[in-house]
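Structures given as structure tokens follow.
Here come two complexes built around chain A, the first alongside chain B, the second alongside chain C.
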Partner chain A sequence: MIGIRIALAGNPNVGKTTLFNALTGSRQHVGNWPGVTVEKKTGRINRNGHTIEVIDLPGTYSLTAYSADEVVARDYILEEKPDVVVQVVDATHLERNLYLTTQITELEVPVVIALNMVDEAEATGCTIDRERLSSLLEIPVVRTVGTRGEGLDDLLDAAVREAKTSPHHEHIVGYGNEIEAMIASLVGVLAADKDLGDRYPLRWLAARLLEGDENALAKVKESPVSSRVQDILSGTDLDEYEAAMADRRYDVIAAVLPQVRTAGARSMNVSEMIDRVVTDRYLGIPIFLALMWGAFELTFVVAAPFVALIEAGLAWLSAAVAGWLGPAWLASLVGDGIIGGVGSVLVFVPNIFILFLFLSFLEDTGYLARAAFIMDRLMYAIGLPGKAFIPMLIGFGCNVPGIMAARTIEGEKDRLITILVNPFISCSARLPVYILFAGAFFGAAAGAVVFFLYVLGISTAIGSAKLFRHTILPGESSPFIMEMPPYRLPTVGTSLLHTWSRGAMYVRKAGTIILAGALVVWCLASFPFGVEYGSSESLAGSLGRLLEPLVAPLGFDWKIAVALLFGLVAKEVVVGSLGVLYGTGEEGDALSTALLADPGLSAATALALMVFVLLYAPCLATIATIRKEAGSWRWAGFSVAYGLVLAWTLSLIVGRIAPFFLGGA
Partner chain B sequence: MEPSDRTAPRGGAVTTLDRIDLGCRCRVVGIRASGALRKRLFAMGMVPGADVEAIRVAPLGDPVEYRVKGYALSMRRAEAGLIEVVLEEE
Partner chain C sequence: MTGAVCPLALLSAGTEATVADVRADRGMRLRLAGMGLCPEVWVRVQCADWGSLIVSVGDARYALSRGIAMKVLVREAA
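Take a look at the complex of A and B:
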């Protein structure tokens, strides 16, 4: 009947999304590093006749938003006014978490504390007296363990109860006579503006103004009382007030803590021991590189037998289909179009899954934050904060979440640079192209070739970042200040779930975009009626020859031109289109055999092609994400143009140089 | 690069956080940063009066990881240099 909106807020990495998933049955992305969630997500539950809407917000350290993801959280709480805010609190870091509580309560919105990660606190022997905490703060405190789904019912009960008992008054930090007098006089002035008073709690607004909060200043700027507010503020040292107020908040917390928490004997800290090794002065970087190389090897070696198995299965299927299906055109549609196109992409599912398994391991253990810590100095050299390294690592899976992850980067220019270089990080969609061509043309050296491509992608990203920093987006790198989460042991279940939910996207893509692409290419290759399938007289041939002059200097023929054109939609489509055009369905041969047999393709051309696919324009989904995150089509257009020029140039160079290394192949 | 290369500050004297030796504890007495960075530092527990300990340095010499308010926070020396501290007597 009555809808209740519950917002999940709190510091980063305290388990908001874990609770959200447990409450709503969703499968939003969870990871053991601060800044996983960067957009708000909504889920619905029906409970005792109530429709409850739960909103998962990005983590934030304070309501003075600092980065783009924090703005999302602050604006939601402030402007959308949820019926109740559930602040998820990490029981092991009470002090810092409660700082946010002191800010949220000033908003005069009903609050419930979900005391999460209690299992970890208890493991160190620390106990928290929830009842006492609750009565001191005048806020209900519920015990939860998000990962095990404990305390969900109690949490919902408390949230619904609080939402219904509004209007509300919460325990609010008193700032001492001098500051309270300032607040009171500000409130007196602000009260003259009815509009402002309707939208924001005035005491909160006054306190924020005293702290010199830009966002609060902007809110009163349009108001008729603006000049009188300025009069009060002008004669004061806001930095002083700010420090005094922060100090008071921590004082209040410091007074509460000893009454509610009994610290356990701090046991031997496993996180500390792991960190001694992986961030060691001498071992840190070798371990990082070894992990990357190991992941890379795994992606190929472990996957190989599975790939062979799928290949064999598809070969059998297409042979069988050729026998069953009557009309030749139907056999061609299914054999060449669907099996040739979609099948050639599905073959690489094992590689993709292993890559995702590795990425989720990085995220879930907490190593990702250490990678940023280790690489920060390097990022500094190219003018970016170490956090910019995280979007890059995420980009190896897919550039779309990689670009989204840039929201956690504070400086606007830093964020833009991080967004613009992300497409050069070789995402999983490009992997099939490499495996196909490197496997066909480089035999035993295939691994090294693919590794070279990854390194080339990273180098291009770094080089471009430096270039942008010195030209279009000049400035200093923003500060690197990052919380280091404790290591957590991911369970087999959650790792597989994460891998599956992302890997499934690849499979789904194969069944949608790639299938559509393959069908279009099949039609182009089959019409007009009467032409030989996939010949240069077909529509595809005409289209390809139209484009051919553009890529001829790189040694690409019309088939490749067509594949590259459709590959703009999604890069796997390059493989899918070639699968269709080379008509691998009939013979049941693997596409690689057909490519190898093409006299127009040499190892050098294959390498040039892989370089081209690595760098040329981002896929449609990525372009749309750049447009959304950078806020204008201009940047998206720039990204496409820059990528095309770079791809063309580098691939020309590689194509010319490679024969010398490959013995004139 | 290493903090220990410089003359290590003695207890009681005001210095900055980037100059603290690993394993040393100190107390924050002032924050020289302003604007958004200042608010960020406050929210992350770097407030006057907070106890801070330098735990480890990244392999390339920067950033440094500190323990403050019971959790681990890493930051660049550039930012740590804005935080005034006094060493705590052993």
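Take a look at the complex of A and C:
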């Protein structure tokens, strides 16, 4: 049982994760934009008596590692020394992909090339002589189509063979007389430090030092040979070497490619035509807003009949439960606690699925990267790179991956600001709250109200970013460059799969966290013994009245205070708690009916509440993610405090102004 | 091929040019080289949006913010 570790490396958006999923049977998130994977993922396979561990690394253009996700990839190859690196190469972008190959081979690890997306290259009439490429590069090259699972066996065979072959194949770029002489003298000096030689391939380290790579400089800084290295480097113009070395690498590639590739006819392709329209300087933003508007209308209109169906089902269930279950407390536990709490969240599953379908459409088609470009001007005005808009769009699904996606942002302050404003982007967990209240109090205008809330979330994020940029995190936004992937038409199957895997998480959450939250609230509403269920004499009532003074100016009563408190665990719990506290009753009335009947709630209060839920402290999972990504509790605490103050102030204002617009409703 | 040198950011949509020099800091220069944006490379501006651009470089297409596009010097094709 020999274990073999295979690391999947390569440029961003070449299909590493798709290949990883195909190899290991995992369901890691994939999308058609660069930077989907920001953390390494591990999977295992058993094959012919070998335990093979496959590690999916974030994409990187070079091993210089310019952003946080790229550092993960480089450090893994360098420090963990996998047995073989499978470089996934996009057959439609050979030059650039092979540039990375020249850098990986310098690390002296065995390399196998997975020539991926061959089908797309062939569709343009381009042919690639795989065997010739392999013999010229002296690296095994395997043809794969990750989306259809083609070439997986060959790839694994080649990887295992390469991992066990010693000495393995190598392809080292020669840099010409002058640079090679410098490399040789540097290697001579570096070799005196045994420790350094054990950890890093010295030729690689010497080459990086000549390129002036700061990370390489840091590695030799502590070494006893540091001063001698400095002596060699000080007399030279590193800028010149760096340019010359990049040239040599491209020269090597240019020598190989014409021998192996016959180019297809290049015409104005579909992607370029679509981009003419969607990235137009005047049409771009209106198209983006129209897409968003359409999406929120759809979440209401298409979901409505399904929501009604689930509501009817739950009503029948709670009525039936009331009949079957003997003791009144048990009927209350199941009826009010479980069906009232979890059911009121599950009702919105159709809306959530449609939202996820829309998000996966944005990601899988490649439009997401365009949205970042369109927003660049706006983002520039607030002092963030356009790229920072992507974590925001991801945040519409869930803020946790949204905050993680900020790793692709290069500047540290830019990344921190992007993290801190992400919680204001309305995640899917907040959607049930809007649908419940907007649906109950705003009728036909519900779609518009939800759209308003999303825009308010984006505006708050943008406004806060500007504020942070001018106060606590001053500086210029770092310039950005981002690849525009070709548009791809997602298949119905993959769209549904992506929607399902996220939607299933929502359902799972309903069965765990929200169930637990609902049960806690039910207990609080039922005890102490003898009080009327859900009355202000219950524990929930005492707790709520303790908090009530804090939210009373906003027009919220104790029930809402309790719901908001437990909503900190997860925002859906706001709906779940209200479901428990209002009780669905024997008649099985929908929660929206119960809310509408509450004299303490008006449309203006409902709007203020939605604004509050949108902006107040992030949920526990998000707080933990901020702590992890920003590296300190201080930022997580700041995020909570800032959110609470902002939510309180804005919902007070909204609650006071709204009646004038809503005709005193 | 001996046109004047100017920043990429100043080109309008549809223009073709070769990269003359990249005047960014070293880290950014190495990254750009990895993306195929280095001297002598042929680029085509596809979309120019007040400074930020989408350019074709070889088979790839990139969106660049004005900050970077000002640092990439190009020689416009005749």
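In this section, the second predicted complex is superposed on the first by the 656 of 665 C-alpha atoms of A that agree within 3 Å, B and C clash if a C-alpha of one lies under 4 Å from a C-alpha of the other, contacts with A are read in each partner's own complex, and residues count from 1 in each chain.
Here, a residue touches a chain if its C-beta (ideal position, glycine included) is under 8 Å from a C-beta of that chain, and two chains touch if they have at least 3 such contacts.
Quick caveat, the model's predicted, so the values are computed rather than measured.
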item: Partner chain(s) touched by A:P140 [first = chain B, second = chain C, both, neither]; value: neither
item: Touched partner set for A:D247, first chain B, second chain C, both or neither; value: both
item: Which superposed partner A:D275 touches (first chain B, second chain C, both, neither); value: both
item: Touching partner for A:F480 - first (chain B), second (chain C), both, neither; value: both
item: Partner chain(s) touched by A:I285 [first = chain B, second = chain C, both, neither]; value: first
item: First (chain B), second (chain C), both or neither touched by A:G383; value: neither
item: Set intersection of chain A contacts, chain C complex versus chain B complex; value: 61-62, 64, 66, 92-96, 99-100, 211-214, 239, 242-243, 246-247, 250, 275-276, 279-281, 284, 373, 376-377, 380, 386, 479-484
item: List of chain C residues in touch with chain A within their complex; value: 24, 26-40, 46-47, 49-50, 52, 54, 58-68, 71
item: List of chain A residues in touch with chain B within their complex; value: 61-62, 64, 66, 92-96, 99-100, 211-214, 239, 242-243, 246-247, 250, 275-276, 279-282, 284-285, 373-374, 376-378, 380, 386, 410, 479-484, 486
item: Of chain A, residues touching chain C in the complex; value: 60-62, 64, 66, 92-96, 99-100, 103, 211-214, 238-239, 242-243, 246-247, 250, 271-272, 275-276, 279-281, 284, 369, 372-373, 376-377, 380, 385-386, 477-484
item: Residue ranges of chain B in contact with chain A within the complex; value: 31, 34-45, 47-50, 56-63, 65, 69-76, 78-79
